[in-house]
Each structure stands twice: as structure tokens, then as C-alpha cells.
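Structures follow.
Next, two complexes with chain A in common: one pairs it with chain B, the other with chain C.
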Partner chain A sequence: MYDTTRSEADVSQQDIKISARNVQVYYGDKHAIKDVNVEILDKTVTAFIGPSGCGKSTFLRCINRMNDTIDIARIEGEIRLDGEDVYDRRVDPVQLRAKVGMVFQKPNPFPKSIYDNVAYGPRIHGLARNKADLDGIVEKALRGAALWNEVKDRLQEPGTGLSGGQQQRLCIARAVATAPEVLLMDEPCSALDPIATGQVEELIDQLREQFSVVIVTHSMQQAARVSQKTAFFHLGNLVEYGDTNDIFTKPRDSRTEAYISGRIG
Partner chain B sequence: MTDMPIPGTARPTPARRSSLIEVDPRTRRRNAAEKRFRTYGAVAIGIAVVALAVLLATIIRDGSGAFRQTYLSIPVTLDAERLDPKGNRDVAEMSSVLTLAYGQVLDTALDQAVSGMDLQIQGLTEDDIDGLISREASAQLRSRVLDNPELIGQTVDVNVLVNGRIDGYFKGRVTMASAERDSNISPQQLMLADALAERDLLVTRFNREFITNPDASDQRPEAAGLGVAILGSLYMMLVVLVLSVPIGVAASIYLEEFAPKNRLTDIIEVNIANLAAVPSIVFGILGLAVFINFAGLPQSAPIVGGLVLTLMTLPTIIISTRAALKAVPPSIRDAALGVGASKMQSVFHHVLPLAMPGILTGTIIGLAQALGETAPLLLIGMVAFVREFPAGPPEGLFDPASALPVQIYNWTQRSDPAFVERASGAIIILLIFLLCMNLLAIYLRRKFERRW
Partner chain C sequence: MPMSWALLVTLLLAGAGYLVGRSRAFSSAGADIRLMHSRPTYHGASVALLTVAPALVVLLLAAVLRMSGLLAADTAATGIAVLIAAVIGLGYGISRINAAFQARNAVERMVLTFLILCSMIAIATTAGIVLSLIFETGSFFQKYSWHEFFFGTEWTPRFDGNSQLGMLPLLWGTLYISFIALLVAVPIGLMAAIYLSEYASPRVRSIAKPLVELLAGIPTIVYGLFALITVGPLLRDAIAQPLGLGNSASSVLTAGLVMGIMLIPFVSSLSDDIINAVPQSLRDGALGLGSTPSEIVRQVVMPAALPGIVGAVLLAASRAIGETMIVVLGAGAAATMSLNPLEAMTTITVKIVSQLTGDNDFSSPETLVAFALGLTLFVITLGLNIVALIIVRKYREQYE
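Up next, the complex of A and B:
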């Protein structure tokens, strides 16, 4: 179902979407991310794996500056999106987050109707000229999140009334509706059952055609199934980054090997 | 557990197999402790319920009388010579006739009515008969005539208040025995009152004037009402609502969502918590010093009372609003920021609507607290005796007025026992207001509550 081998040839020709240089993150005195350098490709699924507390989510949240909301967090280094440093003083994080969407660990739909959940982003960014336009965007986003057929008859019902898997797909639709260039997913399946997980994974594979997807996951199987590139984090360090196939079949670092064989984690 | 015998292992001292049927001593002790705790709880609730019941019963027993009042209804001939000496029915000239003249007219009417009844009451004097009528009655008749000068010369049926002690006689507060000792009332008057009541001239009915009348002097408890106090309290609540809700909610949103977490905001936070614990009389002194002495606002005015109560209510509103904002799950903020909403959009579109029930409840509880507050109002002169109704808002905010709790305090200070009844009646009114506000809080909470 997920063709990870195919990527090998494509990747070399693909553009670099995000490039991180010497990124350091401190939470107060704690050095959470230590000198991370990574290049994330466009139209590719990149998985961040590693044991709990290794900094993979922290690094993910640096990309769309969600760490700005944490007072004690301090970030050094640069993260370039299409060559522009997102930590440049002139960058407005609000504008950045419209380009870099995010899906969270726990499904967190707004306590509003399904329609309003999806329409919220386009509304605040002025993406629709009129109601019909907005309806179109909502439908497209819900179709993109493979949710349209399940909810098309009850768009005005509250989004919180959906099942967990549907809620998470609604959150993906909400993120997709603002037409982002990068989609960050922070353990999107950790609160879902296997069937819902399968649906979301399938969805991620489709989303890759439109934009770059970065997914943090605890499950190595999931990383192997959905991603073309994998980065292994350990104790705040980016230990190894490469093609998913290589990471899981012939890891170069002993720590990576220990992790994927279940000895640390 | 370790004390369970493991099959197949030879133990030196085989543990006795415990039965589920017999309860072991340890479990029995735990169950007993739980039972004891439940009993304590039930007793505590019981004490609270009994205290509340006693309180309510006492207030209703003492205060329900204030809602009924005894009136004398007799035909009165409005003597043109006395009331309109010039005979031209000109209101301006008629207003030079004092209440005294109207009192005489009433006295004459009652004297005639009584003499026509052929009563056998030993030692009943004309003063006794005249003393039956409230001192307020002549003023009421005068204002009725001045409103409608055409009545002069006619014989009209009037409904006038009777003396507070006669009223008390019908409510059981005054008895023949107590009248013997009371210089304000004589047993003959009570006998006369009985006779009048038999002929349906004295009737006790619902006392609407208790809610609409202004306060009255020490000598006329029967005429005292809560009108000015209710209006004053209403005006103050208006000021508190208009000032404390926007300021309090804005301050909490800023502190909770936008303010940097540093020493300054820590100090502010601690001080807000401390302000909520400051005795209310201190706010009264502050109001006296700042609003009256420094800013030169008038004494006894609802605007000053409202400002002082606003200061008192703000900490309550800020604390409850912040608690409500804190209770909104952070995932909602993340979700909004994640789709590119600005901080303000995330607060106003998502966080605030979810915090609304909590904010509204806190605000109404704060207002209810302010409504019942007495001490600071005493210091800013709201305890004054006010007969004039304040004008409509906004000018009325600067007119002297009273307030419900202060009126209660005021009445309990007076000597006539009829005022005790009035004070309890006023407490009932105040409690009804508070109950309504709490019901509104519950209703709003239900209405705005949404699950997430």
C-alpha cells in the first residue's frame, strides 16, 4: 500500500522545502534540542522518531513557531522555509502558520459545527470571496481528508460529536483548508484505534502529493509505512537522518540500531 | 498478593485460606471509618439545612407582616373653605394650604363616622379617634387633591393609612395589655379599631406601597417603603455592571492570555488576590477620601456607591474570569494558533466563548455580593434619610438615594417595633433579588455551557 522504495529516485530531484541549521532549543536551563541540522524535502513524508522526551515534538513545533507560546522556550539557529528564515524578526508567526499547518496529538476540533471548523481558517485568512467559494473550499478540504462522504449530510452538527478518528481527520481537513505548503503532524494517531490509524495513514500518503508532510510518531512501524525520510532523535540530538528504508534496514549509528531493535526507548 | 498460597509450593507454615464470606478486621475497620465519615458529612449538611431553615422561617415570620397593611376607608368631604380658601381651584394657590388643613378634614370625617356608630367605649376622647389615622395620611390626601383639584367640594371615598400601632394590633404585635403601658396608644383606641374593623372600615390588605413608597420618619413606620432604596440599589448595580464587567474581563484576559510572566505581573496577581480579602469598610473609607473629598462627587449619591462597589467587585470578577479562562483546554488555543489565527483571534473566537459561562457566573455572584454590601455605603453617606426619589439616569445617579441593605440597617436602628417588621420585610425583598440573580446565573451557565 505504501511504496517507500519508489521515493529513492524522486528524492534526489526534489526541492528542499525546509532547512534547519544549528538549531538549539532551551526550556529555561534545559537544553532540549542540541545543534540540529536537517533538510526536509517538498512533497515528501518525513518521519521524526525517537524515545519519549528526545525532542522530536519540540523540533516540530519550532518549524511553525508554536514554541513562541511557551514563555521559557528559547530558540537559536535558523530554520529556512523556501530559503527564508522563519525566525527572522520581520516574520509574523501568524502568517507563517497559515503556510505551515499543524495537526496535534489529541484531536482538538473547535466546539463548533463541522462546517465552521473547516471554514475557520479560510475565513480568517480571507481565502474565500463569497459563501459559494467557502463551501467549495470546505468540501475540497473534507474530501482531501477523506471525511466528506461521512459528514456531508451533517455539516452543521458539532465537530466534537464525531468519533475520535473522524475528529482527527476533521482536524486534518481544517489544516488543509488554509492551503498550507507544509503540514506538521504531532503523533496524529496516538489517540486513535488501529482502523482510524489506517485511514489517517492512507490520508497522509495522499497528502504527500500536494505538500511536504512532517510527522512525529512513536511507532516505528508507522514511520516505516508512511514516510520516505526518517530522522532519529535521541536526547536532543539528531542522531541519524536518511531514507526510511536505509534507517530501518542498515542504520549507521549504534543508537539508531538499538532503538529500532527495541533496546532503548 | 504475597500472602496468597501459591499452588505447588511447599510452604513451611501454610497460610490460612481467607474466606470472602467473613470480613477481616482490617476491612471492617476501613468500612467503619468510611461510615463515620459519611455520618460527619450528613450531620454537617443537616446543621447547615437547619440553620438555613431557622433563618428563613424567622425572617418570613417577622417580615411577612410588612407586606400587609391596615387602611381606613371612609367617605371624606373635601371642604372647599378649608382647602381652597380663594375658591378658584388654582393648584399654585392651593399648595399654600398645608397638610394640617387636610388632617383636620380627615379628623372631621372620622369623628362623624364614629359618632354615627353609637359606640359605648368608656373614656374615648376625640384625640384618641384622631390618633387612629397615620400622620402620613393627610399628606397623601393633599397630594391626591393637588393632582386633581376638581375633587374639592365633593365627598370622596378615601383609603388612608392608620397609625402603625393600630396596624400592629391587627398583626398581633400590639395587644390590649401592651397598650396599657404604651403612651402612644390607648386600649380605647384598640377597642375603636375593633369596632371599625367589624364594620369593614378598617381593612388589612396587600401593601404595595411598601415597595413603591420612600422611607418615612420615626413617627410613621406605617408609611415607610423601599422605593428609594430599591431605585438606589438598582442605580448602583447599573454603575457596577457598566464599569466592573468590561474592566474586570479586559484585565483578566490581558493578565491570563497576553501579559508576560514576570515579577511585575506576579505582584499584580498577588495584589488582586489580596484585594478580594480587603474588608469592605476599607473601600468605604477609600471612596470617602477619593470620590467625595478629592473628586468632589456628591454624598449619598448612587454614582459614588457604584464606584466603591465596583472597586470591591473587580477582584471577584477578575479572579473568577481568570479561573474560567484557565479552565479552557490549551488544545483549543493550539488549534486556533495552528490554523494561523492571531493571539487575539484565538482568544475572542474560541477561548472567550468557552469561558463565557464561568465569566457570567462570576460576574453575577460579584454583583450579588455588591448588592448586599452595607459597610462601605455607610461611610459615603448612603445612610441618610432620603424621601425624594432620584431622577432618571444618568442625572439621577448624582441625586441622593438610599440602598437596600443600608435601609435595612437604618430601620433596625429605630425605636418603633413596627420598623423591625419593615426591616425583615426588606430582607425578604433583598433575598428575592439575590435569589433572582443566582437563578439568572444558573440559567446563563446552562445556556452557554458547551462541551468540548
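Up next, the complex of A and C:
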């Protein structure tokens, strides 16, 4: 299911999608992210791991400027998406977030029908020319999220009526339908049971053929299963970043080794 | 012996019962206090409650008997009866105490009974009010034909008899004024709530929200004064006279506008709470898909908050329908039926007040009509609330 040997060869040839330089994040007086430098590749799954409060989610939310909504958050340094600084004054966070989609820890379908949930992004961004076009986008996104067969006969039923795992796949379909270039996933499986987790992981593996996926996870097994690149965060520092295989088999930093062997975190 | 003394002694007995019960519980426990089922304070409390409860029952019974005329107003005898009941309860309570007695469960049962009684009072009172309305309305319809009341378009009560008591002009005035009030209050209140909950910075919000809620506490008579001395003359001079629509300072528009202003804080405060109850995760989800703040409000927050907002609007409507003071001072007391919003009209509530003030003869239809009007008002607001409930439930099924 997760062919990590295949991936290593592909990854080295991928272009850099996101590059972060000297990123600092402060929450009020708290220095939450300390001088993070990282390059995230296109068409690759990158996992952020680390103990709770290490800053991995905070850093993820910097990439699509979700931290803008938090008044006390202050961000320094630069994050470039395809060479353009996302914190540049000319960048509209609304457009940025259309390119950098996000899936959250808790499934959060809108109080609308399944169809309208998936059609939400295409509608607000004008991606469909007509109804048939929109139908096509919705079907493709739902198929992409491995949800089509389960919901095709009840597209007009509320999205909130689905099971937890289905809801999370609906949220992924909703993000995919917007045709993002990067998909950020903040612990997407933490509210799911093992079977639903397996389905979502399989889905993530397919999604990287289309775009870059960055996933924050508490589960090291999950990071090892789905990602090709792994970044280990600890106390706001990016301790180690490299090929997933290397991180889990021959970590360079003693803190990484302590974390993956279960001694800290 | 005055009743207050009897009650005081009962309370003293209860206090003594508590102490005695507790100490008896301690002594009955023997060496190992953990062998007891309940803690000693529960034993004490059970004795105290058993002292007070029978005394109160006797007191209540005496009151009922006195009201129905079966008992003369003999307070001394009642006081003694109360005391006897208290002493019997006290004795029974103390006799029950031993280590195995489940005092905690007994106390909790008694407290539960008390709570149920309290909630029954609200329901029973409402039922009583409705019943009295129905009886008085019944005697009104024996003296005045019901179809003339419901379908009559003429309201000219005369205390020498021969009155025209048609309800339609009053109903029309009520609905017209309420409609204008809601037309003012709902859009403004809703927009204010959207600004406060979705756009305002925490600092603005922390100042503006309490301020708006403060406005909701202004007595309606003050709004009425505002209608009488400011809004009414202003509308007359600025609109009514230049357009030749009337000469009256009191008008439907005046009352409606001022009532709408009164309802703005009510609507905005309720809607704000409802909008805030929409989970932040939904907003984050929409934000993460590249929505603008206004798209989030229109497409995610509003649909989720709609059932609650409909409820808030209907609550505001029942307040508008029941409002009296602003109408008296703003719209006048003339029972007319007209489409002209600058004409003086009046409402059901105003007429209820005017029919019941002054010397009343509770057998004449001119007085009894107030109860028929009251019942009509009650049925209208009840219907409104039922509709609100149905709408809320329907949307909830769709969204959750």
C-alpha cells in the first residue's frame, strides 16, 4: 500500500514547492517557532512530527497564513511558495488559501449537503463554468477521496450525517475540489478509528501524485507509512529534516533518536 | 398566637432537630463511623426537613381552607396546628435514626420533591392565568356576539351600552406596528450582530457588546417618551405634512420605528450569542478553502445559525406584539383601520389597559372584552412560538 522504496527515488527529482527561511513565530511573549529553515518538495508527502506543543501545527498554519486570525501571533522570516513570499504585502491571504488547502484535526463538514460541501470551493472560486462542470468536479473530488461509492446515491443528504471517517474524507474531497497546489493536513486522523485512518492514509499516498502534501501527525508509524520526507520539531526548533527512511533508521540528532524510540514526547 | 411566632418556633425546632439528629447519628454509629450508611449531617438534615415540611403543608392547607370559606380566620388555632405538625415530624425524624438508615437518599428525595414543586408552580400559574382568561372570555361572549367581536371593524366602546367592540382595527394596528418594528429591528440587529461576532476586534467587542445589552435594559416607557416628543413631531413635520398624509404626531410609523429601535439590542444580542455558538472549526474550514470573511458569513455561518436566528426573530415578534407603552405614546389610542402608516392607530394591549382603567363594572361587556382581547393575544403569541419551534426543529434535522 505504501511503497516507500519507490518514493525515495522520485523525491530527489522533485522541485522545491515551499521554502521557509528563518521563520520565527511569537504568541505574545512566547517564542513558539525558533528560526526554522525548511524546503518542502512538490508532489511529495512531508510529515511534521514531534511532541505536543513543539510548534509543528503552528508552523503548518504559517504556510497558508491561518495564524493571521490569531491576534497575538507575530511571524518573522519568509515563507516562499513557488518563489513568492506568502507574507508579502501584495499577497492576498484569501487567494493564498485557495492554492494551499487545509484539512483539520476534527472533521468539520459545513451544515450543507454532501454535494454542496464539495462544491463550496469551486463555487466561491468560480472553477466551474456550468452545472455539468460542477457535477464533474464534485464527482472527481469524491472519487479522489475514495468516498464516491459510499455517497453517490445521497449527495443531497447533509454532510454532517456521515460517520467520522467519511466526514474527514468529505473534508479532504472538499479541499481537493478547490484544486490546491499544496494540501496541509493538521493531524487528520487523530479523531478516526484505525480502519478510517487506513483509508485516509491510502488517500494521502494517492494525492501526492497531484500536489504536495504536508501532514502533521502524532503517530510516528503514520509518518513512516505515508511520508517520504520527515521533519522533527522539538520545543519550537526544527531539529532534523530528511528522507523519512533516514530519520527513522539512522537519525543524526540524539533528540530525534530519543523521540522516535519513545524516550521523550 | 400570631402565625409568625409559630413559624419562628418551627424553624427553631428544625435547627434543634438538625443538631439532635446529627449527634444521635454519631452515637448510633458506635466506634466505627464508617459503618454508617450516610454521613451524620444528612441525618441532621433529614430531621430538620421532616420538621419543616409537615408544618408548611398544614399552613398551606389552612390557607386553602380559609380561601374557600371553610375556615374562619383563626390564626391561633392554625398556629397551634402548625406547631403540632412540626413536633410530630421532629419526633418521627429522630425516631428513624440509626446507623443503617439511608438518610442521604431520604434527603435527596425530599430535595427532589421540592425542586419538582418549584417547577410545577410556573406551569400551574400559567394554567391558572389561561383558565381565568377563558372563564372571563366565556362570560363576555354571553353578552356580546363572538362574530361581531372577531370580524367587527368598528371599535367604539360606550359605557352607557350599545358599544361596537370589533377586534379587527386593534389586530390590524398590532400587526402593522409589529411589522414595521421588525422591519427596522431585524436587519439592523442582525447586521450589528454579524459585525460584532465576525469582524469586530476583541477590544471593540468587549466594549460594544455590554453597551448594546445595556440598551436592552431601558424601560419601554422611556422609549415611549422619545417617540412622543422627538420622533412623532419629526415624522409629522418632515413627511406627513409635506406629503399631505396627515396631521397627527402619533402614527403607526412613529411607534413602529421606536419599537424597532427598542428591539435592535434584543435581536442583536440574541443573534450574536447564536452566531458565536457556530463552531470555530467551521470558520477555519471555510477559511482554509480560501473564503473571504463575507463568504464565510453568508455561506457557512448564516446557514448554521439560521434556526436560532429565526427563533430570535419570532421572540422579538412576540415582544413587539405585547408592547404597550411605546404604542400609547407613539401611535395614540384611536382604533382605526388604514394603510396609511402616518395615521394614528392603536393595538390590542393599549385597549386592554384602557378598558380596565377607571371604574370597572366586571359584568359589562365593555370591561369583559379586555379578557377576550387578552386571550386573543395569548393565542397569537402561542401560535408564533409554536411556529418558531417547528421551524427550529426542521432546520436542526437538516443540519445535525
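For this structure, a couple of remarks:
In the analysis below, the second predicted complex is superposed on the first by the 265 of 265 C-alpha atoms of A that agree within 3 Å, B and C clash if a C-alpha of one lies under 4 Å from a C-alpha of the other, contacts with A are read in each partner's own complex, and residues count from 1 in each chain.
Following the convention adopted for this analysis, a contact is a pair of C-beta atoms (placed from the backbone, for glycine too) under 8 Å apart; a residue touches a chain by one contact, two chains touch by 3 or more.
For clarity, every value in this text was computed on a predicted model and none was experimentally measured.
Per the definitions stated earlier, placing chain B and chain C onto a shared chain A by superposition produces a clash between them.
Contact with neither chain B nor chain C is seen for A:Lys43 once the two complexes are overlaid on the shared chain.
Applying the stated contact rule after C-alpha superposition, one finds that A:Arg208 touches neither chain B nor chain C. When both complexes are overlaid on chain A, the residue A:Phe110 reaches chain B and chain C alike. Overlap of the chain B and chain C interfaces on chain A comprises residues 64, 66, 69, 71, 94-98, 101-104, 106, 108-111, 120-121, 124-125, 160, 171, 174-175, 178.
Chain B meets chain A in the complex at residues 260-261, 329, 331-342, 345, 349-350, 354, 450-452. Of all residues in chain A, those touching chain B in their complex are 64, 66, 69, 71, 94-98, 101-104, 106, 108-111, 120-121, 124-125, 160, 171, 174-175, 177-178. Residue ranges of chain A in contact with chain C, taken from their complex: 64, 66, 69, 71, 94-99, 101-104, 106, 108-112, 120-121, 124-125, 158, 160, 171, 174-175, 178, 184.
Of all the residues in chain C, the ones that touch chain A in their complex are 201-202, 279, 281-282, 284-292, 295, 299-300, 303-304, 398-400.
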